[in-house]
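Just so it is clear, A, B and C label the chains in written order, and each chain counts residues from 1 on its own.
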Amino acid sequence: MSEPSLAIRKFSDLANPTRFLALVSTVWPWLAGLTLCLFAIGLYLSFTGLGDYQQGETVRIMYVHVPAAWLSMMCYTVMALSALGTLVWRHPLADVSAKAAAPIGACFTLVALITGSLWGKPMWGTWWVWDARLTSVFVLFLMYLGLIALNRAMDDPTRAAKVSAVLILVGFVNIPIIKFSVEWWNTLHQPASVIRMDGPTIDPAFLWPLLVMAIAFTMLFFTLHILAMRNEILRRRIAVLRRHAARSAGDAA
Amino acid sequence: MRLVAEGLSARRGEDLIFQDISFEIAAGEALVVKGPNGSGKSTLLRVLAGLLPAEAGTAKLLAAAQPVERLSEAAHYLGHRNAMKRELTVEENLAFWKAFLGDFANGAAVSVDEAAESVGLGSIAHLPFGYLSAGQQRRMAMAKLLVAWRPVWILDEPTAALDVDAEKMFTGLVTTHLARGGIAIAATHQPLGLEGVKELRMEGFVYAHPEAWA
Amino acid sequence: MIALLLRDLKLSVRSGGGALIGVLFFMTVVAVIPFGVGPDLNLLSRIGPAILWIGALLASLLGLDRLFQAEREDGSLDLLLMQETPLVLTVFVKCVAHWIATGLPLVIASPLLGLFMNMDEVAIGATTLTLLAGTPAITFIGAAGAGIAVALPRGGLLVSILVLPLAIPVLIFGVSAVYAAIQEPAPFLPPFLILVALNLFFAVIGPVAAAAALRLSSD
């Protein structure tokens, strides 16, 4: 690895764990507050808005489902960027970021799957359809779980981070292929039997609550993410302190 | 040809294993790395072999017969494990490494038979590696150093499982290697019986500061 | 490189028949399906290609975690990492050897198993052909998983979990191509060519990712 350029070093200085923790402690109450406000507005709009004339009240599920699905993908993108940070700049915070994002992403994906399934029961008459979208989101969910399992299976956090980074990037390259192939497969097996969620053009009456909810979910993600990163940094500090304690006891004996 | 290491440090997990190690070895010289268990001898050798990234510092081979990007390309590494397959015969193992490793620019290696002969086990080279005793296996791993010419030998506890005779034999191998203008770096507890070697003492851990994640 | 290929082939023959176990597993998986779905020959011939593909997919994942783990255990991996030869190339050659030793026997065994599944000649031919084109892709993408498994204290099962989602496209296009060959209106070539393209694509990213994982996890 060649000497990092000045700009990158400066960036690393800014992003060192202590400063990050300081930043988190000032930022997170604001972020959390903002998230709460947005959720209040978004939920109010979602529940007071009109029901769809075709889908009835179930359309309200969409206000949770769509943002969750959008976040399931954004979270993976954040992880892929962190993985690049780990492999290219070898930045410890990038390790922490990728590791902290995985469970959050898995949760959002699960929410997207469950709400999709709840919506599917009255609409399609069944809890699960092997629809292209559902299927590719399900595969994404499996990948999140695999990544979490991989991180858990290794003791040394730095090595775990590097190896997972490779897998995250391989997955990132693969996701479009999986999506494409699942769509191919779907049209082959059940042509035109699938009701698309994004029917005709969306009415502004539905768009506004959806947008507010999407921003609220995104803020929720960032709040959870920086808090999870803080926890991970603290966890690693504790690990270092414990090892230190064990060693100094060994030296004394 | 000179091997120059400057300000090497290495980290394992959170701990700095060693810090700021510098040395220089010229062709025909050997360096013996000494120190108590866990002082970072193996880590140093693995850093030199390019198997672990150095936290800081560089190790370079200067004025080599062919330009090398990494020191490891010009080096043999004999670690704790023998890098031989139990299922294959000794001959097959050695022939594979001979073909795969190839010779470095300024020298030619001996044939598989000769190599087995020089470690004193020419008569059993046709046996599967798994049938050999631990000491014999170690000797055959040393024969691997002979089948492909590399100017630098990096040896981690080379004589750990060997008896006195085998140790002498190994000292002979290293002496011949140095006479051909090679370089040897060995980590060992036992005296290798080499004359006029440089010595490097490793002190031990530089523990991670509790604020390492600060 | 040829030396590495030959050594890996020799090893797979000598080390208790890795190839044989793969084929045996393949046969067993295919053989238990009729017990699950019933001995209806029409049904079996309809789902036969899919069963063969799933069986082959699982069987080719079987020995993958040992691909680099075995090299690491006896220290050979260190020497492979040190050389001037690009590690990606070394990994690629190891994948090819692994495929010849475990993938190719599956392809060869598949026509026989196709007969058990009451498939007709076209279906058997198409399945064999798509397996020939598709199983290398599974090995290549699996190599990425195998590279990661090296860092794990207990690899095995986790590799399959990590690799299977990535192998879904291969399965989809392999099976699509077979069904396209059997059912008249659908053209055989597009899915088959995509399968070949996937193969080439995975032949690049698999070894690159595996090499990166091996370098990063060496200790």
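The rule is short, and it goes like this: a contact is a pair of C-beta atoms (placed from the backbone, for glycine too) under 8 Å apart; a residue touches a chain by one contact, two chains touch by 3 or more.
Keep in mind the model is a prediction, meaning the values are calculated, not measured.
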### Summary
Of all chains shown, the one whose Cα mean is least distant from the combined Cα mean is C
### Query
Which chain lies the greatest distance away from subunit A when centres are computed from Cα atoms alone?
B
#### Entry: Approximate Å spacing (C-alpha centroids) for the pair subunit B, subunit C
37
### Message
Taking the mean of the CA coordinates per chain, how far is subunit A from subunit B in Å?
### Response
46
### Task
Please compute the C-alpha centroid of subunit A, do the same for subunit C, then give the distance between them in whole Å.
31
### Message
Can you pull out the residues of subunit B that are in contact with at least two other chains?
### Response
none
### Message
Counting only residues that touch at least two other chains, what does the list for subunit C look like?
### Response
219
#### Entry: Touching residues on subunit A, where the partner in the complex is subunit C
87, 139, 142-143, 145-146, 149-150, 153-155, 159-160, 162-163, 165-167, 169-171, 173-174, 177-178, 180-182, 184-185, 188
### Message
Give the list of subunit C residues in touch with subunit A in this complex.
### Response
141, 144-145, 147-148, 151-154, 158, 161-162, 164-166, 168-169, 172-173, 176, 179, 186, 191, 194, 198, 201, 205, 209, 212-213, 216-217, 219
### Query
What residues on subunit B touch subunit C, complex-wise?
12, 46, 49-52, 68-69, 72-73, 75, 77, 79-88, 92, 95-97, 99-101
### Task
Enumerate the contact residues on subunit C facing subunit B in the complex.
1-4, 6-7, 10-11, 14-15, 73-76, 78-79, 81-84, 218-219
